[in-house]
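Presented sequentially are two complexes of chain A, the first with chain B as partner and the second with chain C.
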Partner chain A sequence: MRTIKLALRNLFGAGLRTWLNVFVLSMAFVMIIFFRGFLSGWDHQAKHDMIEWEIGESQFWQETYDPFDPFTLNESHAVIPKQYNQLIEDGKMTPVLITQGTIYPDGRMQSVLLKGISTRNNVIALPTDMLDTEGEEINAIIGTVMAKNSKLKEGDYVVLRWRDVHGTFDAVEIKIAAIFDCDVPSVDAGQIWIPLQSLQQMMGTPNEATILISGVDHAEEAYPAGWIFKSQHDLLSDIEELIKTKSIGGSIMYVILMLLAMLAIFDTQVLSIFRRQREIGTFVALGMTRGEVVRMFTVEGAMHAVLAMIVGAIYGIPLFWFMATKGIAFPVEATQDFGVALADVIYPVFSMMLIFGTSLLVLITTAIVSWIPARKISRMKPTDAIRGKLQ
Partner chain B sequence: MKNTLTVQIEGLKKHFPTGKGHFTALNGINLEIGTGEFAGLVGPSGSGKTTLLNIIGSLDNPSEGTAKVLGHNIGELSITEAALLRRKEMGFIFQTYNLLPVYNVFENVEFPLLLLNMTAAERKKAVHDAVEWVGLTDKLKSRPNQLSGGECQRVAIARAMVKKPSLVLADEPTANLDAENSHHILKTMLKLNEELNTTFLFATHDEKVIQYLKRKIILKDGMIEQDLKNL
Partner chain C sequence: MKKITLIILAILPLITLGQYPDGKEVLDRIDKNMTADRTVTKASMVVHGRRSDRTMEMITYTEGERSYSEYLAPAREKGTKMLKLEDKLYIYSPSTDRTIQISGHMLRQSMMGSDLSYEDMMEENKLEDAYDAVVTGEEKIEQKRCYILELIANKKDVNYYMRKVWVDTERYIPMKEELYAKSGKMLKTTILSDIRQVDGRWYPYKIAFKDMLKSGEGTEFIVEEISFNKEIPEHLFTKGALRK
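Our next item is the complex of A and B:
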């Protein structure tokens, strides 16, 4: 208690020098929490959007389906297992048939991934009800990125060419019935969604699908032959890897920020040892033990972190609250070209764990950085220190 | 008045290492100082008076011989034991005042009491008493950079006296002061010596101080040349 009291007295007595250090440290502190909160928010939003728009609770993939191998796509389809008919009927499972195709917007040729999906889909957020049609026409829905790249608008007609299971090419004119806004590129970029039955008919694969998107978890069930179960965890592993990579990249930034802040503290402490030698000598002459002096200097340095937390909280809490409520807007172009699920507005998530964890990290680091130069005091001769003689 | 010994030194030598060998700062000092004395180590620069004062103040150790201060053999004390001895029994007054620059007068004088774990009320009373002895009650909130040299040294005296130590060691206390301030300070110390029976030991070559001393221990080349007591 006495050490804290003396350390605080020294800190407040030092005036501007203390507050400059505290401000620098509080900036590092706020920035670290902000970046962590931003990544956390992105992680949360990306997973949420992927589950909502693409993944559902779990999936079954036809055993040869490989989203990264377009050459096997034409073979990757099988009859939908009968055991799931009821789930599909109830709207709890959505079969999707996938193949390659080509569209010719304004005379240009553009490869697309053609996806047939049930118009009764309730599992993912795609507006599949827009695929319903009363006539012979085939309605299609596309995302905003696809619409931008292909220069297609709602109500446009475009020629679609595909190859059926027998290797025969055919073409049909489809109508863009709706354009949806989605943050998940693998649902939007280069994709055209048409009714499942239409695609089954076009492909010559009645009642067949490539993947089954389920609104329930099937982890505990026996899987149908020829289909591979993919849990939500498996399907999110890519985005988790990406966030992890981003976190590592972010960590380098935290280390740089922390190093800058710690350098300021270390510099102050080292300077203190030299500039305050006479003071230290006086402390010793007045009866402070070397351990007490070292402890006082260490606490004095560490108190920078405590003050930084208070100062950081004064401007950080309103800032974090504002960002968590209003979100951080990204230019539409940036979100479209990013390649992973990135919303145009990200809401950072600042958990208590994040705030307390960062506080503890900053406090411990500052204490260590303060202790290192304070150790030097223990080697100082009191008679020299009193005279302020440099050693 | 009980006539006990505060300082008892026998065959004291102090060597400092130099490039080629060592320099002998004190060369066989034998000295006794009784409780309540107002004595001074007098001599020119390099005569060893500050070195002797530092050893008596347990800030340094003898190379040879023994120095017993307030019943403690300085050479045998650990660093922590020496610090505790200074904390409880000694007060220091330095030539350059050595006030803590970020503390105000009250805090500077209070500092030794904080180390003694006294309560806030006890500290407050003791600080007010000490500041009153030196006549600085109106400067309690001032910082050292707002005080004159004489006022700074009076704060240093109050800090040395606040815990009513058995021994006060003063190294050239008037070196940075004018004549008027020097006399004022010495009168204050003399008064405290008489009222509280505190032993005062000075290291000085200042005539203004010397004239107040009741005992002059004259050092030359690390040895006691004369020991003059006022009768």
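Our next item is the complex of A and C:
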């Protein structure tokens, strides 16, 4: 307790020098928490949106389907396994048939991924009820990115050309029934959603699908032959990898920020040990052990971190609270072209774990940096120190 | 009297049909003109764009299901090579020194900005093998009497379900062709002209393609030189030939 009191008194006594160090450290501290909170918020948002719009609880893929290999699309369809008919009937699973097509908005040729989905889908958030039609007309829904790129509006008609399962061309006019706003590019960019039954008929593949999106987890079940099970974890692994990469990239920035702050504290410690040799000698002469003096100087340095936390909290908490409630807005163009699930507004998530973890890291680093120059004290001769002789 | 008129009206189309040659026979004669075991063609392709036209020159060697093309001009495209081996299409680009296989949605893209897609290049069925043909009437195109031939696919794996071809009744060469989707929508038209006799067969030296779903003025394919059934070096139909 005595050490802490002395450390605090010395710190406050140093005045502006202490507060400059504390401010720089608090900035590093707030910036690190902010960036980690931002990444954490993006992680939460991306996963939430992907589950809601694309993934569901789990999926089954026809065994040859590979979303990154267009070579596989022609063969990637199979009859929906009978064992899932009840789940589909109950609205807990939705089959999706995927093929390629071409649209001609205003006479421009544009390749699209054509996806057929049940109009009664309630596993993912796509507004598939808008696909319902009374006549022969084929209704389609597209995302905002697709609408922007193809210059299509709600109510527009566009010629769609595709090849059936045997490779024969067919073409028909479809109506853009609705445009949905979604942050997940893998259900939006370059894609047109039409009713499953229509696509099955167009392709000549009745009752077939490419993927089955399930609202329940099938991890413990036996899978049907010809289909591969994909858990939610498998389907989210790409975004997790991306966030991890961003996080590693971000740590370089943390290191730079911390280095700057630690350099300031290290310099302060070196200077203060040099200038306070008489004081150190007096402490030892009065009966303090060298270890106690080293501890006192280390605590004094580490107290910078404690003060930085307090100062950081004064301006950081309102800032974080504001960002967590209002979010950080991104220009629409930036989010659309990013290629991964990125919302227009990201709400950073500042968990207790994140704040305590970062605080502990800063505290330990500061303590170590403060202790390194303080070790010199243990090699000082008290008599020389009292005399102020340089050592 | 009414009955007689009805009978005459019912029989009339049959009589008219009887006047025309068998569709299969017409197709056979078209195929004899248009297809050969081996062809070497030097041609230019003029793409009529919205703002300007682009002309590309190329030489193409074809043997059955295999073909090899090399672009000779303009400078930007010079050295670009295409190799079609059965159902696979490879393109070599000299600027990147890379060979890529065109597949999936890329096949549906326009070839060099023209009205032809890579898929059109892949089509190889002889008309007679893939379609049932019926001559449905006659019409004059460029002062030439033509049979109107309606072709309905008899195989499932053809690009176009229905074709309508106007065939010169004397030379048995298509003068015009319309390609339809299964739904009946017209997808492409082709107009063939400048018909000349080469190696004892008639061949169109100018073919104008138009993608009816796409805006633009279409693409012209102008044959400069063509030879049939001459030996083609085997090495041209290998991927190795692309990088030479």
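By our rule, the second predicted complex is superposed on the first by the 370 of 391 C-alpha atoms of A that agree within 3 Å, B and C clash if a C-alpha of one lies under 4 Å from a C-alpha of the other, contacts with A are read in each partner's own complex, and residues count from 1 in each chain.
Here is the rule we go by: contacts are C-beta pairs under 8 Å (C-beta built on N, C-alpha and C of every residue); 3 or more make two chains touch, one makes a residue touch a chain.
Predicted model only: the values in this text are computed from it and were never measured.
After overlaying the two complexes on the shared chain, residue contacts for A:Pro206 are found with neither chain B nor chain C.
When the shared chain is aligned, chain B comes close enough to touch A:Ala14, but chain C does not.
In the superposed model, A:Arg290 makes contact with chain B only, not with chain C.
In the superposed model, A:His166 lies in contact with chain C only, and not with chain B. Judged by the touch definition given at the top, the superposed model places A:Pro70 against chain C, while chain B stays out of reach.
Judged by the touch definition given at the top, the superposed model places A:Gly135 against neither chain B nor chain C. Touched by chain B in one complex and by chain C in the other is not one residue of chain A.
Taken in their complex, chain B has these residues touching chain A: 54, 57, 59-60, 79-80, 83-88, 90, 92, 94, 96, 98-103, 107, 111-112, 114-115, 117, 159. By the touch rule above, chain C contacts chain A in their complex via residues 103-106, 108-110, 153, 156-161, 181-183, 185, 187, 211, 213-216. Interface of chain A with chain C (complex): residues 70-71, 73-74, 100, 102, 104, 106-109, 111, 113, 159, 161, 163-164, 166-172.
By the touch rule above, chain A contacts chain B in their complex via residues 2, 5-6, 9-10, 12-15, 278-279, 281-282, 284-291, 382-383, 386.
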